[in-house]
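Going in written order, the chains are labelled A, B, C and D, and every chain counts its residues from 1.
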C-alpha cells in the first residue's frame, strides 16, 4: 500500500516555545489514522502543516510529503480540493453565510471539475439528497443545525474529487446520535484514498479503526493499531485518556442526609417566545441535590434551566421558591462557553475584587476555595483571554460559590472541554455543591455523563414538539 | 478602566497636546494681537518679524493661526464631547430599554436625519446670530446621530451576552454593567468616529463661511480662515496652506488617538 | 419584506409631518422682521425700504397668527401643493425640482464615482498590505481633512485653466458635470475606501474564505464567488448613508462651480425667510431620505436575509 | 419556496439580470433627458456671448429684477440715460412739461413693434405704466394724479404738484414697458414680452437665462445671435471663467484678484467709476453720536487712502463726499480732509471721552462701544468693516461687526435699533439723484440715508429742487445740501465705487453704462479669430 502522507520529525516552534516536537508518521492508502490528544496539544498544527496552511509566524522544520511531493508552508497547492482536502473545526464558520446551500457544492463542480451550470446543479442536488439535505438546498448555512452543516461541509469539501481527507475534530459539539452518521459519512468519502482524523473522543477513534497516534503537549506518546492501543494501552497518559470518558466515571451517590426542599415545579410548560418546547414537567429541588437534564440539542434543556432561574417566563404551570430569605444573587448560572461569560478587558483579580466589594465578602474564604479548585494564584493576574477554558470554568465556579448559592444551573459546563478536564470539573462541582448544600441542575446531551453523577434525571426527548434538530 | 494607550495613541496625544501648548504659548508671547492690522504690510511672505507672513489685512499669521488652533480645537473637542455623550448615552439606553423607547427614538432619529443638516445649522445660526458656540451646538445636533447608531448596534449585541447576564444575576447594578461590559466594546468605534467628528465640525464651519454665515471679524477660526484666505490662493498660496495644514495636523492627531491602524474608518 | 415596506411608508408620513413642522416652528421664531427679509430678496438691496416691507406684509398676510398659517400649510400639504415661494412667486415645486434635481444628480454621480474609486483602492490596499496600504491611509486622511473647495479649486486650475478641456463653472452640458463630480468623488472616496478596505480584510481572513480555497477554487474564483457578496453588504449600507447625507453637504461645491444645487438655494431661502421653499426642500429631502434608506435596506436584506443588517 | 429545478433557478437569475440592466438604463436615460432639454442645440461658442454676473434673478416681474432684463436688452424704458446722467430718448421720442409743470406729454417712437408683433401705442404704454404704479417702484412715490392716452402716439401724465424728477423716474427699470399680452388679469407678468433687441430664449431661475436676437427690433439691429447670462456665486470661479475664456464678459470682479488677469493675453480689465458710494450710516440720536464733533472725529479717524489702496485696490476711489465727481453741482470741489488721529482724539476729549488702561475711550463709566451692521451680499463690505474696526480701535472706539442680511438696515432704521451701518448705496438708482436725496436726507432721513438728522435749510432746498426747475437756483440748492451733509456728517463717506469688468478680446464694441441699466449687447459683435481655445 502506498503511503499517501509521510511526515518525518515535524517540529514547530512559536517564539521559542516548542509546540510540536519530532512527530513522524505516515498515512497508508485505505487505512485511516486517528490522532488522539487534548486540545492545545498541537494536533491541529500537524494537520495544517500537512495542508501547507501553517501561519508564517511559526517556525516549522522536518519534512512533510503528500502523494510524494513535499509541501511548502503558506503556498496554495494544486492538490487542494482535487486530491487532498481538510474539514475545519467549526462547520458554521467554514460555510459562506450568504451562499445558498446547494451552491456551496455546485460551485466546486463548476469551477474545479469544469462542469456546465445545469450538470453541476443536478450533481450537487444528488449529493444533497444522499445526505438528506434536499429539503434545505435553497436555504443558507445559518439556517442549518450543527450536524447538517457538518454534512454539507463534507459534501462541498469532497466534491472536488479529493479522497484523502483530513478531519479536524469533526464531531465537536455534536449530539451523540449525530456523531455516528458523521463518522460513516467520513469513511464513505475517504473510499479509495485515506482518512486522517483528529479528535479527543475515544468512541470516534474506536469506530474509525485503522491506526491511532497519541500526542501529549506536542510529544508522540504511543502509536499502534486501534485495537491494541484501545484495549491495552501502554502509556499512562493513554490510559487516563481512555478512562476519562464518562462511562468509566465513579461518583458516589448522595447519602441520605436530611435535605430541605427549596423549589417546587408543578405541571410546567417551557418555551422561548410563543412556541412551547416541553410541557408537563414536575420537580422539587432540595439542598445539595444533583439534578440532571438530558436530551438532544434544541429539545429545550437550557430553556428549562433559564425558566427555573426566572430568566424566561414559564408558558404554563408555576415555579414556587420554598426557602424564605434567599437573596436574588444566590440563584446563579454556569455557562457552556466560559470565555464569553467573563469580561476579557480586565484581569481576573479585578473581577474578583468587584464581587468582594459589592457583597462585602470576607477574603479569607477565597484561598481555601482556590485550593479545592486547584487554581494557581498566578492566573489571577492574567485576563480571561489568556487563560485556558478549564481554568476559566473553575474560576467561574469559584466566583459562584463565593456567593453561597442556593441554586446553581450548569448549562453543559464541560461540553467544550476535553474529557480529562471535564471529569475533574464535574467531580469538583458536585462535591462543592453538596458541601455547601446548594441544589445543582446539570444539563448535557451526553446521557452517560448524566447517569453517572446525578441523583434525579429528567429526560427531555422531543415528546410533543418536533423542533428542527 | 485603564485605557492602555498603544504607542501610536501616545504619539497622537503628544501631537495634539504639543500643538495646543505651542499655540497657547505663541498667543501669550507674540507681540502682535490677532486684530492688529498693518494694511501696508499685506500678504507678506514669511519673514523675520512675521514668521508665517501676514494675511490680507497685514495681520500676523503666526498669532492668528495659533489662536485659531486654540479656538477650533476647544470648540471641536467640545462639539465631539457633547455629540459623543449624547449619542452614546441615548444609544445604550435605547438598546437596553428597547420597546416603546426604541420606537420613539427611531422616529426622532429619522426626522433629524431626514432634515438636511445644513438647514438645521443655518436655522440655529439665524436664531442666535453671531455666537460661535451656538453654531458648534448646532453641528453637534447633526453629528450625535452617528454615535447613536453605532453605540446602539454594539450594545444590542452585548445586552444578551452571557457576561452581562451573569453580572446582572450576581447583583451588579446597570452602571457597573455598562462600565465593565459595554463601554470597553464601544471605545474603539467611538474614538474612530470622534477622530473625524472634530475635523467634520471644523469643515462644516468652513462650508458655513462659504455661504457667509458665522463670520465675525476679527475672530480667528480655522474653518472660517480657510474661506477668508481662499481668494488669495494665487497671490499668496503659502497663506491659504497654513490653516489647511493646521486642520490636517488636528485630524492626524485625532486619527492616531483613535487607535490602531487595522480599521481606520468605522 | 413587505413588513419592512409597510413600516417605511408609516415612517415616511411621520418624517414628512415631522420635518415640515420642525422647519415651520424654527422658521417662525427667527429674529428679524420677515417682511423686510423677503423684501430684500425680492427687490434687491438698492430698493428695499419700509414701503417695500409694507407691501410684502399686506400681500402675504404675515400678521396672521401662527396656527392659522400652520393649518393653511397642512391643508396645502395634504393636497400635495407645496405653495408658492414668497420671494419669486413661482410655485415651490419648480424651484425644488430644478435645484434638488441638480443636487441629486451631482450627489448620485459623485457617490457613484466615489464608490468606484473607493472599491478599487480599498480592495487593492486590502490585498497588498504594507507601503501601498499606508500610503492610501495617509492620503485619505489628508483628503478628508481638506475643505472640499480646495480640491475643487485644484481640479479647476488643472483641467479648466492650465489645460482647458472642461468648463470652469456653470451647468447644462455633461462637461459641466465632470469637475464637480470629480471633486465630490475624491472627498467621499477618501472616507469610503477605508470602509471597503476594512471589510475586505475581514472577509479575506474569514474561515469560509480559506475553506473555499481548500475546496479547490482558484484565488479569483474564490473572490468572485465569496468575496464580492460578503464585502458588498456593509459597503452598500455605508454608501447608502453617504448618499443620503451628502446632498446637503455639497454646498461648497455648488457655490464654487456655480451648480444650481439645493444647498445654496436653502441658504438663500433661510436668509430670505422664504418659508414655503424651505419646507418644500426639507420635505422633498426627507422623502428622498426615506426612499433611499428603504432601497438600501431592501438591497442589503436581499443579499443578506439574516436580518443582521437591520 | 421555489421548486427545486435548474429551470427555476435560471429563471430567477435572468429576472435579476433584467431588473439590473433595466434600472441602470432607466437612470442613464433620465440623466440624458435632463441634459438634452437643458442644452440648446443651436447655441454654440461662435454665436453666443457668455456673460457672468454676481446677481441672481428669481421672477419675471420687472419691479423685482427688471434691471437684469433691461441689461440683457429684453425690456426697454420710455427714457434712457447717457453716461453723464442726461436724459435721452428711449421708447418715447420726445417729452415736455406744461407751463405749470403739472402735466407732462410724451411722444412715442413711430412704428415700433413688441416682440409678439403687437404695435407699441399709447394705450399699451398707459396700461403698462398703470400696472407698474400699482407695484413697488419709483412711480408709487411720485405725486401722480392720472396717466391717460392723449392720442395714439402721445401719453399724458398729470401731477398733483410739480415734480422736476419725473423723466428720471421713467428711465427706472421698474417702469419698463411690456406688451399687454405679457400680463395676466391680476397684472403679474406671465411671459416676458418687451420691445428690446433680444427675446427671452431659456429662463432657468435663479442662475441662468439666455436670449435670442429679435429680428423685428426698431433700433440698432443686433449682430450677436445669442447671449447667455450665468450667475456665479464665488468671485474665484468667475475670475477663472474670464481667464479660461469660458465667459466673454465678467461683471463685478473682486478687485483683490485682478492681478491674476494681468498675465492673461486674451482678457482686458475695464475699471469704471459708478455712482455707488461706500458710506457709514450713523444714528444721530445715539448718545455717543448725537454731537456733530463725535461724528467728525469718527470721520477723521478713518484712513481712507489705505482702505482704498489696500482693501479696495483702487487708490483713487477714496472720497470723503457721498457724491461722485461725475454728479455735477452736488460734488464739492475741495481737497479731501486727511486722516488725523490726534485731531479726532481732541474732538472726543472735548466731549469728555478719556482713554482707559486698555486704550478704550470711557466717559462716566461707559465705554465708547458701537455695533456696526453690514451685510454679506457684497464681499468688500466685510473686509472694509474689519479694516474700520482696527482703525477705530486706535482711536479707542470698541466696534463690534455684525454681518447679517441687507434688510436689517431699513428694518433697523424703522425701529431705531440701528447704531452704525456700513452700506454700499447706489445714488444712481434713479438717473437724477434729487428724488433719492429728497427721500433720504429730509425730515429726519430715510432707510438708506441719514437717520434722525434734522436740518431745516436742507429740507427747504430739496423742496425747491423737486418742485421748481430753474437751473441757477437748483445749482445753489444742490451745493447747500451737499455742504450741509459734508459738515454735519449724518453719513460718513469712505469711498466711491469702481466696477471692474473683464472683457475677452474677441468682443468688439464693449461699452459700460455707469448707471448699470444696459449691457449694450446689440451694439457689440464677436470677432472669432484664433484665440486661446
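Quick note on the criterion: a contact is a pair of C-beta atoms (placed from the backbone, for glycine too) under 8 Å apart; a residue touches a chain by one contact, two chains touch by 3 or more.
Just so it is clear, the structure is predicted and the values come from calculations on it, not from any experiment.
Visitor: Could you tell me which chains make contact with chain A and chain D both?
Guide: B, C
Visitor: With chain centres defined as mean CA positions, report which chain is farthest from chain A.
Guide: Result for max centroid distance from chain A is chain D.
Visitor: Whose Cα centre is nearest the centre of all Cα atoms in view?
Guide: C
Visitor: Approximately how many whole Å separate the CA-defined centres of chain B and chain C?
Guide: Centre-to-centre distance between chain B and chain C: 21 Å.
Visitor: Based only on mean CA positions, could you tell me how far chain C sits from chain D in angstrom?
Guide: It comes to 34 Å between the two C-alpha centres.
Visitor: From the mean C-alpha coordinate of chain B to that of chain D, what's the distance rounded to whole Å?
Guide: 41
Visitor: Chain A to chain C: how many Å between their CA centres?
Guide: Centre-to-centre distance between chain A and chain C: 50 Å.
Visitor: Got the chain B residues that touch at least 2 other chains?
Guide: Touching at least two other chains: 129, 210, 230, 233.
Visitor: Residue numbers in chain D touching 2 or more other chains?
Guide: 234, 236, 404
Visitor: If each chain is a node and each touching pair an edge, is that a line, ring, star, complete or other?
Guide: complete
Visitor: Touching residues of chain B toward chain C in the complex: what are they?
Guide: Counting only chain B, the residues touching chain C are 106-107, 110-111, 113-119, 122-123, 126-127, 129, 196, 199, 203, 206-207, 210-211, 213, 223, 226-227, 230, 233, 240, 244, 247-248, 250-252, 255, 261-266.
Visitor: Applying the document's contact rule, which stretches of chain D touch chain C when the two form their complex?
Guide: For this pair, the touching residues of chain D are 27, 31, 34-35, 38-39, 55-56, 58-59, 61, 63-65, 67, 135-137, 140-141, 174, 188, 204-208, 230-234, 236-238, 240-241, 243-246, 375, 377-378, 404-408, 410-411, 413-414, 424-426, 429, 446-448, 532-533.
Visitor: Show which residues of chain D lie in contact with chain A when the two form their complex.
Guide: So the residues of chain D in touch with chain A come to 1-2, 4, 6, 9-10.
Visitor: With touch defined as at the start, can you tell me which chain C residues reach chain A in the complex?
Guide: 206-208, 210-219, 221, 225-226, 229-230, 233, 303-306
Visitor: How about chain B: which of its residues touch chain D in the complex?
Guide: Residues 35-37, 39-40, 42, 56-58, 129-130, 210, 212, 215-218, 230-235 of chain B touch chain D in their complex.
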